[in-house]
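Look at the two complexes coming up: chain A is in both, with chain B in one and chain C in the other.
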Partner chain A sequence: MAIGMRVDGWLPGWLKRGVLSDHLILWLSVAYVLGMAPWATGFVSVSNAQTILAYLLPVLVVSVGLTLVLIIGGIDLSVTSIIALASVLGAKVMSGEDGWMAGNALAVPVGVLVMLAVGLGLGAVNGFTVAVCRIPAFIATLTTMMFVSGFAIWVTLSRKIGGLPAGFVMLGQNLWVATVMAVAVTWLAHGFLSRTLYGRWFYAVGQNARAALVSGVPVGRVTFWTYVASGGFAGLSAILFTAGLETGNPEMARDNLLDVVGAVVIGGTSLYGGRGRVLGTVFGVLFLALVDNSLNLVGLTFYTITMVKGGVILGAALLDTARTRILARTG
Partner chain B sequence: MRNTWPGAGGSCLAESITRRSRLLAAVVGLGVLVVGGGCGRAPESTPEGGGKRLTIGVNFETLQTEYWVAGFEAIRSELKKRGIDVVDSIADGDSSRQLQQIRTFITRKVDGIIFVPKDARTCIPAIKAANEAGIPVVLFNRPAAETEGVRSVAIVADNRKLTRETVSFMVEQARQSGRKHKAMVVVGDLGDANAIGRRDGFYDAVKGNEEVVEVVSEVPSEWNQEKARSGVVNGLQAHPDISFIFTSSDFLFPAIVAALKSANKYHKVGTPGHVILGGFDGDATAYQMLEEGYLDATGVQDVYFEAEQSVQAVLDLLAGKEVPALILDPGFVIHQGNLHDLKDRMWGARVMGR
Partner chain C sequence: MDENPPMRVDRLTEPLLAFRRIDKGFFGVKVLEGVSFEVHAGCALGLVGENGAGKSTLMNIVGGNLCADAGEMRWNGGRYSPRSPREAERAGVAFIHQELNLFQNLTIAENLFIGGFPRRLGLIDRRAMGERARAVLREVRLEHGPDTPVERLSAGERQLVEIAKAMMGEARLIILDEPTTSLTTRETGRLFEMVRQLRERGLALIYISHNLEQVRALCDDLVILRDGQVVGSGAMSGFTLDRMVSLMVGREITQFFPTRTSRPSTEVLLEVRGVSQPGMVRAVTFELHRGEVLGISGLMGSGRSELARILFGLDDCSAGEIRLAGECLNPLPPRERIARGMAFLTEDRRADGLCLEASVGDNITLVALGRMVGRTKAVRREEAQAAVRRMREAVRLTPGARDGQPVKTLSGGNQQKVVLAKWILNEPKVFILDEPTRGIDVGAKCEVYRLINELAGRGAGVLMISSEVEELIGMCDRILVMNRGAIGDSIEPGQFDRERILRSALHSGVLA
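Showing the complex of A and B:
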């Protein structure tokens, strides 16, 4: 309460409105771009926009899936390992070097379907263990992560798979195509959550699953399909990651889990469930990508970047906390 | 048709959009700020015009081991010695981040790029992007997979040859002991060409010497200390009579030494129960083990040679000279017999000295 009281007390009206806005992280992003532009050479440029987008899109897609899971009060630690397995299995189908369908005209569509199927299938496994077997989501998805990570390395013997067809690589490297795919699924998820009854069920389950059940919400089904969706988003993200790097990689996105969770939480989604928005996640992912990119452009050392990035994220989190407290106090 | 994006039209787009909401305007505004650079300021080039100073981008996949830190510092120092400006970044083991960082160098219009790829495959889009921008690319210590139309120069240790020489020295030590040794080899990430070269060099050296050295255990470390340690512990339990161990990188020695100590098999060279130990890299741990008499030999990568060659290759490419696609660092084997003479050339010894 202390932070909220202090901020509420001395902030000018326009700034207070900004802090209280649902789009706080977006305003921060705008302010960040304006503030960094004079210092980061090339930050405001076409080629840099391409760089940021190419990096941001696959992270955005998997983050949207995780947003759904967090809103129902769950967690999915397996998303990055799902990306890794989908990456290598899809690449094994399509690779022109020693792929299972090398040279076949249907290799790309089949490979893409395999990647999506891996995501949806493993999401269904997570959904089943959480919703039906009642295993805590943390444990269920942790074990999926461990098994799937190991399987991805075993199935490839740690080797990266290259020789992917141009038709597939285009999906990640042509920014028009990648952007349309990412925006389409993000928009769908946003519309689903904010404009449909089913979307309301997600929040109800996250706020109080027992109360939701009593009110007639099919909590089990909602939980199951949320994890399926999260797996599906991870599969789509795997397509963007793999096409962008032209490589099926059993370690793909291995180190991205904290970035993804960080972006979703910075975007205003609660780790305790019941609160969050897809649009907030979009802003969170954008904000982190801008910070990462600009600090590289400024030419800071690796160690400094890590420390500054941590500080900036902490600052954003503190602002969000202040906002939440002011809102709670003012009703 | 790679990386196509209609950046120049961003501001015009913003003008034509009806303001449905403040949010939409804000999103578009941000897009204009970032994407619409084509109508505004152009990215700056290097600071000086005319006889301008060169700027080279240096990107490392990781700084997690002493070898990479030493290489990173050696390249920066070599560039500064030649009056060249440096911009640098570290990918922290993430291929996607590395691609973004190389593109960031291109945005900054650096004159050349020296980088350590995460692996041989995932670096291809980054090299392609630099090729398309006309920026010369030199890969430090890790080559890219051969790909049509992708141009780069790699400076790498002759992993296979140097490992063969190191392990041949160890085999000779084994022969002089007058008995047969059971051997373990700790291999790296087999997606890494360096790891494959070192594994192959090991088998080159033991082949034909089976009467002296019999390989009974191959431990996959994936360049991970914990995996190396558990693998070595398991190997020693399955074969308690192992008395010959080669690791594909010195940075795994702490894990191996811990496993040997717990099996009560860590003894100095020339004392009863000594396990013949060899490695690759020449890091500070290996130097200390050599000084203390526990390590028989290690193959030393000449970091300073590789750094000097990397910088020279970029300058030669900028001058339009022919540069071979692969430049090999012959390295050298350091052991108890030549430690005094060669330690000044061992980068690990210099690190210890600092």
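Showing the complex of A and C:
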């Protein structure tokens, strides 16, 4: 250890420990809140915390799904388009105005199931093209995104769908219900990745798919189910989004794709696969949500905020490489 | 080969490069400790040591990739502490790596000038480039035009391009790291001739190799590293091969191939009947018995590795049958074969043997983890940790490695032990080993041999593929020789003979 310390003498010990901490992004979030509080009026308040939470939960759910995909060394660009399609199809089932099951007592459970099924089904399509047809994930999910987002607009003729039943809207607007759902799936994904046999397989596939195959890991099956899971998480996210906004919208979450990828990367998950944690993603989503919200309060426009968020994501990536370098030197 | 090189060292001159008490550590472990020696112009210095002895680290310090923690280097009398490879290059150090650093898609000339193209009016001057390249290629006696793409050259010719590149940069010290591993005998001869010429011209050379005979034949001076310290140095004439080996290992290796006390039984474990796959293997038939170590020899490209992959289910076969303990394996994927007791140590541990970024512990448990889970598939951690501890002891992994340390930071020998541990933990019945001792040091080789004997003693059948004929003769109960995809010869115990094996491998002269 003594040698490592000497090499990194230029960094004070507390700073280095901070940079190396697994909770780095959480500490940065706390520091950000403290630093921003005097400037953004109303930033630290109960009502604003609720606003942040309502924005954060659906993004968190879809980001957790994407974390799984990145860990096996893949990418899923179709998640936000899946959210859009699930949103409009679910709304078409449930809408009290001209929904297919308008007024039916089972409209809400059927609508919810339809939304999850859209996610899982499109995830299965992605999984099939990537794992079985061996099409690069970037292309496979990009084409899914193009087709699905186009389809969502075509099927609604570009109109938003309102009049959703109260029983459904409650799922997103009652923050207790939404929080319990989001935390439950996040916690499940975390336990799955960090504690189970399958979790270890995910990491092995991302680290070295060939070695994993030789070692008896069913690489094809792992890949397929990862995309199914990612689609499923997107479906659940669609439920939270749609209920929260009380509308089925064919452009739902359209601007969120880079937020989602950015949050996962800020959380320390590697785009090269094999490295990442669900907890990191939670922190990443939190941090981006705080930045977004506070800059809104300060009165910046959507486009300026997007620019700032781009800078934040770049900063996080730089921090991550610095971290890796220090780790390589000191162990 | 065994002629003694003339001692032409004028010890009165200032050394070109001198190391003075160099220290370096990683992960809190000292990798180099108080290393001091000198390299003289017009001399070839052999640098030997086991993997992990610190050779590469030391050369990376010379080449500007790493900085020493303490001590100093002197170059031509002045202080020398390069902070980047480029600085080292400018001083006159040329580094020729194990894996060559040429751009395969570019031509010879483009590779030679990659550091700075001759320019005219701001554009690349192709004519000047061609002329200067031709001149230097003549010097290294490479009979290819400067416009030949590097991908069309053989390994030996590429080596010469590297040397030409070093000469163009007006290097004064050339470091060669395992330059002959991928060369044919003839190419090696040509390389040696080149090295001798460079020495005549007053260049200094550092020659790193595991091939001690070559080092002896080529070098004037010798430095032996063990655990980061210089344990022997001086004129080559003062060292015998035995002394070199024992200094490297730190103990006398009395018996290189450990004797096995168990005998193979008559019970057939693995039965291979007429296995064929066009372009790979033809009608391969053999039986592997309980407790037997069956060797497979043959040239590169004779179908040895392809056969191993087919047996393990990684590649298909168009005809034939593979039976393990009577059960037909043909339609089963690797996963199912592993469940039935197969294990496969691949030829290239970096490409498909290990998850390099993952930890020692995670790699060791990867195969057998399925047995350490409860009903919810949650891993029972204490059980997994205990298994890792047990395996570390069984394969005698270096105690310096932590369970959580990434495997890529281990030496080659220790990496190979991790691969073995991963499979042994699963208690294999049939273990296919493809080049189990490639690129690992003497000490680790002995450990691998010991583990193979232990496996056979426990009743496993071992299929050992190797390019080293001595190793097969020393370890196996029977040797099959593959030739162009088929089994050309089966050699029974008592008839082992280096010449016969080579003749069978070369038979029909296709690969002369």
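Things worth noting here:
Here is the rule we use: the second predicted complex is superposed on the first by the 308 of 331 C-alpha atoms of A that agree within 3 Å, B and C clash if a C-alpha of one lies under 4 Å from a C-alpha of the other, contacts with A are read in each partner's own complex, and residues count from 1 in each chain.
By our rule, a contact is a pair of C-beta atoms (placed from the backbone, for glycine too) under 8 Å apart; a residue touches a chain by one contact, two chains touch by 3 or more.
Just so you know, these numbers come straight off a predicted model, no measurement behind them.
Look at chain A after the overlay: chain B and chain C fit there side by side. In the overlay built on the shared chain, the residue A:212 is in contact with chain C alone; chain B does not reach it. When both complexes are overlaid on chain A, the residue A:275 reaches chain C alone and has no touch with chain B. When both complexes are overlaid on chain A, the residue A:159 reaches chain B alone and has no touch with chain C.
Of the two partners chain B and chain C, more residues of chain A are touched by B. Once the two complexes are laid over each other on the shared chain, residue contacts for A:224 go to neither chain B nor chain C.
Using the contact criterion defined above for the overlaid structures, shared-chain residue A:202 touches neither chain B nor chain C, since it reaches no partner. Of all Cα pairs linking chain B with chain C in the superposition, the shortest spans 19 Å.
The residues of chain B lying in touch with chain A in their complex are 1-5, 7-8, 23, 26-27, 29-30, 33-38, 40-44, 63, 87-90, 92-97, 99-101, 103-104, 106-109, 119-122, 124-125, 145, 147, 189-191, 220, 222. Residue ranges of chain C in contact with chain A, taken from their complex: 25-28, 30, 69, 312, 314, 333-335, 338-339, 344, 346, 351-358, 362, 365-367, 369-370, 373, 376-379, 405, 409, 422.
Note for the complex: chain A touches chain B at residues 23, 26-27, 29-30, 33-34, 37, 41-42, 44-55, 58, 153, 157-162, 170, 173-176, 241, 244-247, 249, 252-256, 279, 286, 292-293, 296-297, 299, 301-302, 305. Across the interface of their complex, chain C is touched by residues 1-4, 6-7, 191, 195-198, 200, 203-204, 207-208, 210-218, 274-275, 329-331 of chain A.
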